[in-house]
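We just call them A, B and C in the order they show up, numbering each chain from 1.
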Amino acid sequence: MNLKDIVQKLDLKVVSGDIDKEISAGYSSDLLSDVIANAQQDNIWITLQIHVNIVAVANLQELAGIILVNGREPEEATLKKAEQENIPILLTELSTFEIVGKLYEMGIHGNR
Amino acid sequence: MDNNKTTTKIQELTYELKVEEVMCTDVETVGPKMPVSQLRDVLYNKRISGVPVVNDNELVGIVSIEDFIKCLEQEEMNALVEDKMTKNIKTLYADEPLVHAIMKFEKYGFGRFPVISRKDKKLVGIITKSDIIKGILKKLESVYHDEEERRYRASHIFNDIIADEVFLKFQYFVEGKNFDKAGEASTGLKKTLYRLGLSPDIIRRAAISTYEAEINIVAYTDGGEITAYIDPHQIKIIITDKGPGIPDVEKALQPGFSTAPGWVRELGFGAGMGLPNIKKFTDKMTLRSTVEKGTHLEIIIKLSDYRIED
Amino acid sequence: MKLIEIKKILEAEVLTGEYNPETEIEIGCSSDLMSEILAFGKPGSILLTSLTNIQVINTANVSDIKVVCFVMGKIPDENIINLARKNDVIVFITKLTTFESCGRLYKNGLKSCSYFDLDK
């Protein structure tokens, strides 16, 4: 599934990065150490963390993009870094549980 | 709503209660060699509709009033119990949860089940549907009674005390940096407020905001105190510590602002939401802090819907 | 959704002993930050988290959350289980990830708590 379709269907607000990307699966976590240990390449990452370190983690794991939940907006430094590194950051007002549920209904599953 | 709650409590009890807690232990039994003619006296005298058959302490069958009537019809009153009893019997273990018994009653439609011990398979009791009902009612009554009595005593305290003004004070001491004990004060306060008969929403708001404050004491200071004052109109909670204090109080109140060290973040806190959460769940919040001296946080939750019971 | 269905969907194990499979859970929420749960968790819901420490149980307790499910095969230590038992919080564990767990439950009809309709 392409990130573009997700953005369109779930009405996500794109604040950085190129969204023409294929997604392998989804990963949801608010602990950076956990994402570093367990997320996989081309995962779409769901989190409420807005700190600049999320961009570094996404870069390191070669994630497809980051969805920030519950109406959160990235810190200024995060946004700047995401633009630099071309990491898509997408915003939603939905909770983690709900946005994950909607992605799942579209056919995106968790890592096995 | 209330109906649902009761059902759930009863269902819970069927998991908590064991068969041995409700069964009848004073079991009438008969031997396998007894003639059916003598069954009448046993069943009639004890007013029971079935009786386990025991040989040398071992359960070998069960014989019911239906078996007796059949023999009566067929004029076989001299037959032995062992030839007329049900041999392939279903039993329950004494330590099984009551819900297993209920399921077996539904499945087989029997009037009673002999209860045996898991260890040596010996007969230890017998259980009927009415034993189950009585057992649940008894337990329900005692659970309800204990908590209600506590709640009644506590919630009437404002009525029972004669004074122009009354308030209750509860104090909790919080250890700094000890994450294993963090939460004890706020969960203790929660239980206390419940016993005072406050509404669930009020209790929840007070518990959540006190808990966030308690986490702050543990994460940032070497310890502090939580004191709750309750009067008929409001809950006032004062949270104090002896430092290090907050350099910029205004900034600390902004959602997302945090100075939390890594260990606090890895424990699931320190995302700059504690103080905003406290503000959100309380009616009034006052924060004063002096660097190196300490922080004084005062929160108020109004009890507009607090009814003093007659 | 009945607790027994949730258990099946998550392929979960129960660590707190006997529980009532008929208990109705209406709402799911997930976060690894407890302040987030304190802010928007709803009474009577299930919390899915990969964080395993005693504060998850305290958070559930003060927020009136009935069930905590630890994900990714993380096994909470004995202190956590004991505190949960003491406070009538039911503890599940599942090998699934947070994403897979939330996805399955949502697809099967469990509702979400919204951040923007706080009941205060």
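Following the convention adopted for this analysis, a contact is a pair of C-beta atoms (placed from the backbone, for glycine too) under 8 Å apart; a residue touches a chain by one contact, two chains touch by 3 or more.
Because the structure is predicted, anything quoted here is derived from the model rather than measured.
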Legend entry - Most central chain, judged by mean C-alpha position against the global CA mean: C
Inset, instruction - Determine which of the two chain pairs, A-B or A-C, is joined by the larger number of C-beta pairs in contact. - result: A-C
Inset, instruction - Work out the mean Cα position per chain and let me know which chain is farthest from chain A. - result: B
Inset, instruction - Give, as an integer number of Å, the spacing between the C-alpha centres of chain C and chain B. - result: 18
Legend entry - Cα-centroid distance, chain A relative to chain B, in whole angstrom: 41
Inset, instruction - Report the inter-chain centroid distance for chain A and chain C in whole angstrom, where each centroid is the mean of the CA atoms. - result: 23
Inset, instruction - Enumerate the residues of chain C that touch no fewer than two other chains. - result: 32-33, 36, 51
Inset, instruction - At least two other chains touched by the same residue of chain B: list those residues. - result: 271
Legend entry - Residues of chain A engaged with two or more neighbouring chains: 30-31, 48
Inset, instruction - Spell out the part of chain B that touches chain A in their complex, as residue ranges. - result: 256, 266, 271
Inset, instruction - Would you tell me which residues of chain C are touching chain A in their complex? - result: 28-33, 36, 40, 48, 50-51, 72, 96-107, 110, 112-116
Legend entry - Residues of chain B touching chain C in the complex: 8, 11-12, 15-16, 97, 179-180, 182-183, 186-187, 190, 200-201, 204-205, 207-208, 210-212, 215, 267-269, 271, 273-274, 276-277, 280-281
Legend entry - Residue ranges of chain C touching chain B (in the complex, touch as defined): 18-20, 22-23, 32-36, 38-39, 43, 49, 51, 53-56, 58-59, 61-64, 79, 87, 118-120
Inset, instruction - Can you check the complex and tell me which residues of chain A touch chain C? - result: 25-31, 34, 38, 46, 48, 69-71, 93-98, 100-105, 108-111
